[in-house]
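Following are the structures in question.
You will see two complexes here that share chain A, one where it goes with chain B and one where it goes with chain C.
After this line comes the complex of A and B, so read on.
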């Protein structure tokens, strides 16, 4: 029996190595291709680091590719505003519904998961008249896309925060704080929020990720965020835009890889577990 | 259903103004989610202020029908290939050490490709498979092709299909890995104790348990590909071979009058397809969670 087990394990290991290697090679080929393409000297056919030197020279980037600069700034602002609005809306509402309006919880869940059945491209169509008003009130800056992005991140953020709220006894905590004389504001800030730290972090992280990668809405509303800038620059200077794309992907990978170590303490608290659960449970 | 529940909430509440606490949230989602959804639903049946079926009829125009068919075809093919390869990868990875670096590396990479892809992925693809790029050149050196990849990379059923796999396979891994990890080793041991072979285990035990999860993940992959816009928009520069691109087209070409409302009809068509798939997915997912305790 033990011999059989050992043979089985060996076969499993071989299968794992073969499959993982083949798929990883498939995934890494484009990364290699990007490095190869950006270090090409298109004029002479040799190798050159010119593209990367240009990219690291922030002053020149700003003047030669104004789109890239403004898109980058807009994306950074969006990555701050979107999670902020999302948290300000969701955390108090979800806590409040748990404490005082439990009958509303199904409605809240339904609304928060609704964006999953509305693809971004469909949302753009419906948002057109709304954004005419947004432009009227706030002006046409790219930053105001944050209102639409909050809707896009709603399902993921809801799932993350819901898991967090499930894990703590909101009612007891709130009642304890209230009986010691705390107002609702104090309960939110000093009791609920600190207890939700992990959930808030992963919800924000998902919001940042989604915001930095968003293209559809920004492009169709003709606003320049990082992705749109990459797209626009790609039309005139392919090497620069490929280099930016490479940096964006590698940056995202490093962040996710680092996060997977942070979240591995408790099973099911990592962002991936969250993400998987979100994808799996919702419909 | 929602109304009945809300009524229930009212009855249980003292009239203390507790509802005021949820006003900001509901106001926000009304403006930025519910009204836009209604705009699409109603706008699909309205043209120049009058109720009409003209927009819906426009869905039967050859260009739109072709786009829908090609979208469905592309989504179906990429979700099938993505699901099979992704499931295999998920199984292979589930046999690795649970906290090992390999697993973290692969899941992180897949997270990036599945979520951040979009435009960056399209550029990566062009830089790798485009004319004079690394892959065609390598293939040429070993005697395949001319070194110039030609125009196939811009075709929706060739280049686009390949690049979609770069986010479909990773998504499958992320979605399906928990299901494979939920397979208990005891089930396999029990099969072996009773004299069953590996083949029998997969056919009679693991297969049926994983099947609902697999189909569910497949459907999720389908909607994912069906609603993807960024990659296709960055790669396809001529024509609008896919439904999302057709909808995007109604934004840029304001030449044809009433085109905007045809866009709403197409958006409605997309919502219907995604909605149907999501409902099937919800039903299957309920079945899938019977065996797999998460």
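After this line comes the complex of A and C, so read on.
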């Protein structure tokens, strides 16, 4: 019996390792390919770090490839603005619907999931007249794509936030806070949001990932974000383009990892809470 | 609408304020949750609202808290009309049926929350929170989160949190219903002790009659959005105004009898009738199990169906020769005497009872 269990455990361990290895290979082979391509000397053969030297010369890269610089800045701003607007729009709305208008929850879900069924090209056609007004009021900067991106991330953000809201008794918590003298703003900021932390981070996580990787809408609207810039650079210098793609992947990975690290754990067990406690204990 | 029968409000003199609900009405999709409900509470009084599910007791409490808006009627607290004042400005402490501690805050932070909103200084807040948690016996759990505490402890913290803000009125919405029996009794007694200590006017909603009778100064029985009767527990039990109250509060035998001249003949004996009873003529008399005696007798007027031991006392269920089922309370030592099928004599002891039309 014990021997059988040991064999079963060994088999499980091997299976786990195989799965992890396959996944790592799946993710790292493209990385290897990118590194290999960007370190090739295409003229003479052999290896060269010229592409990376050019790319990491921050003073030069902006003037040599202006699209890259503006695309990178636009994408970073979009990765900040999109989740911010999405959260400001969705968290109060979903909380309010849950508290006061539960009959509307199906409608809200339908509206939020709708963008999932609309192809980006159709979305662009629909958004074109609206963006004429956006350009009229705010100008033609790439950063205003954040409005279109908010629509794009709605389905994913809705699902993440909905799961979070289902996990807590929003009504009782809100009513308890209000009976203690809290206004709606305090209820949202100090009670609902901290308890939705994981859901908010998941939604932001998805929004950031989607924003950093978005190409179609930006390209069709003739705006330059990082993906479009990479595409444009790729036409003249494929190696720089691939090197930028590599860095973009690493950047996205670092951002997402940092977000998940900060937001991990139960209420009161976040990195900051733990640090605070350790400080207190030391004192 | 029938007016509820009330007894004189006890004269309480604590820090509490008087509360008056006048002719409250609230309708949900055509159903009257409150149908002209009125209630007066004296300063410092502890009133329990009792009734079956859907009778409107929680709606009444939520209207008083400001969590529901009545369709009509007025609510005054300390003589001030608060009907249109939002919850956050009503200055009421509330303990909910569901666990309502903020999960991301420790017990101390939960208790401090209301004080923080009132802009109290940090050291004052800490002191007050410690006092309150000591009052509910949770000093050692001060830095624990909700998920690290039991249900009873969480409700204690919720009570401390509600009392910390020194509310004008304390509202308890079935705070014990999620707890197990033993903790429930313990916390129930603690709530009463604390309420007497602080003297806050308290409205307690429950569907558990034992709970209501055990801790309230007065108990109001509700049905279909109306207060049927509000009285001191012993009076509510001994002098119910109608068969609903008699049936809902305690166990009642419904025995056929004939009323005449302020009394009725029941089980071969005579029972004095309470004011408001039906009659003269055939009536149904509502007799409590402890107001009937049962004794073994071959030539008796009934036979035993079952006998059960309930700890402090026992219960015999018998069937009279006229076909009525009669529940009798006996001493726990006597339970063994009544085997199923044994012939017994059932006699009403003559305590005043209510008679309703037969």
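Worth a mention:
By our rule, the second predicted complex is superposed on the first by the 219 of 283 C-alpha atoms of A that agree within 3 Å, B and C clash if a C-alpha of one lies under 4 Å from a C-alpha of the other, contacts with A are read in each partner's own complex, and residues count from 1 in each chain.
FYI, a contact is a pair of C-beta atoms (placed from the backbone, for glycine too) under 8 Å apart; a residue touches a chain by one contact, two chains touch by 3 or more.
Being a predicted model, the structure only gives us computed values, none of them experimental.
When the shared chain is aligned, chain B comes close enough to touch A:29, but chain C does not.
Which of chain B and chain C touches more residues of chain A is settled by the count: it is B.
When the two complexes are overlaid on their common chain A, residue A:191 makes contact with chain C while staying clear of chain B.
By the touch criterion defined above, A:93 reaches chain B but does not reach chain C.
In the superposed model, A:232 makes contact with neither chain B nor chain C. After overlaying the two complexes on the shared chain, residue contacts for A:169 are found with chain C alone; chain B is out of touch. When the two complexes are overlaid on their common chain A, residue A:76 makes contact with neither chain B nor chain C. In the superposition on chain A, A:84 makes contact with neither chain B nor chain C.
Judged by the touch definition given at the top, the superposed model places A:181 against chain C, while chain B stays out of reach. In the superposition on chain A, chain A positions 268 are in contact with chain B in one complex as well as with chain C in the other. Across the complex, chain A meets chain B through its residues 8, 12-13, 15-16, 19-20, 23-24, 26-27, 29-34, 36-38, 89-90, 92-93, 96-97, 100-104, 106-108, 110-111, 114-130, 147-148, 150-151, 154, 209-210, 212-213, 215-216, 219-220, 227, 230-231, 234, 238, 241-242, 245-246, 248-249, 252-253, 256-257, 259-261, 264, 268, 271-273, 275-277, 279-281, 283. Within the complex formed with chain A, the residues of chain C that make contact are 65-67, 86-94, 96, 98-100, 102-106, 113-114, 117-118, 145, 147, 158, 161-162, 165, 171.
Residues 168-169, 172-173, 175-183, 186, 190-191, 194-195, 197, 266-268 of chain A are the ones that touch chain C when the two sit in their complex. Chain B meets chain A in the complex at residues 1-2, 5-6, 8-10, 12-13, 18-19, 21-22, 24-26, 28-29, 31-40, 43, 85, 88-89, 91-93, 95-96, 99, 102, 104-109, 111-113, 115-121, 123-129, 133-135, 166, 169-171, 174-175, 177-178, 198, 216, 220, 223, 226-227, 229-230, 233-234, 244, 247-248, 250-251, 260, 263-264, 267, 270-271, 274-275, 278-279, 281-282, 285, 294.
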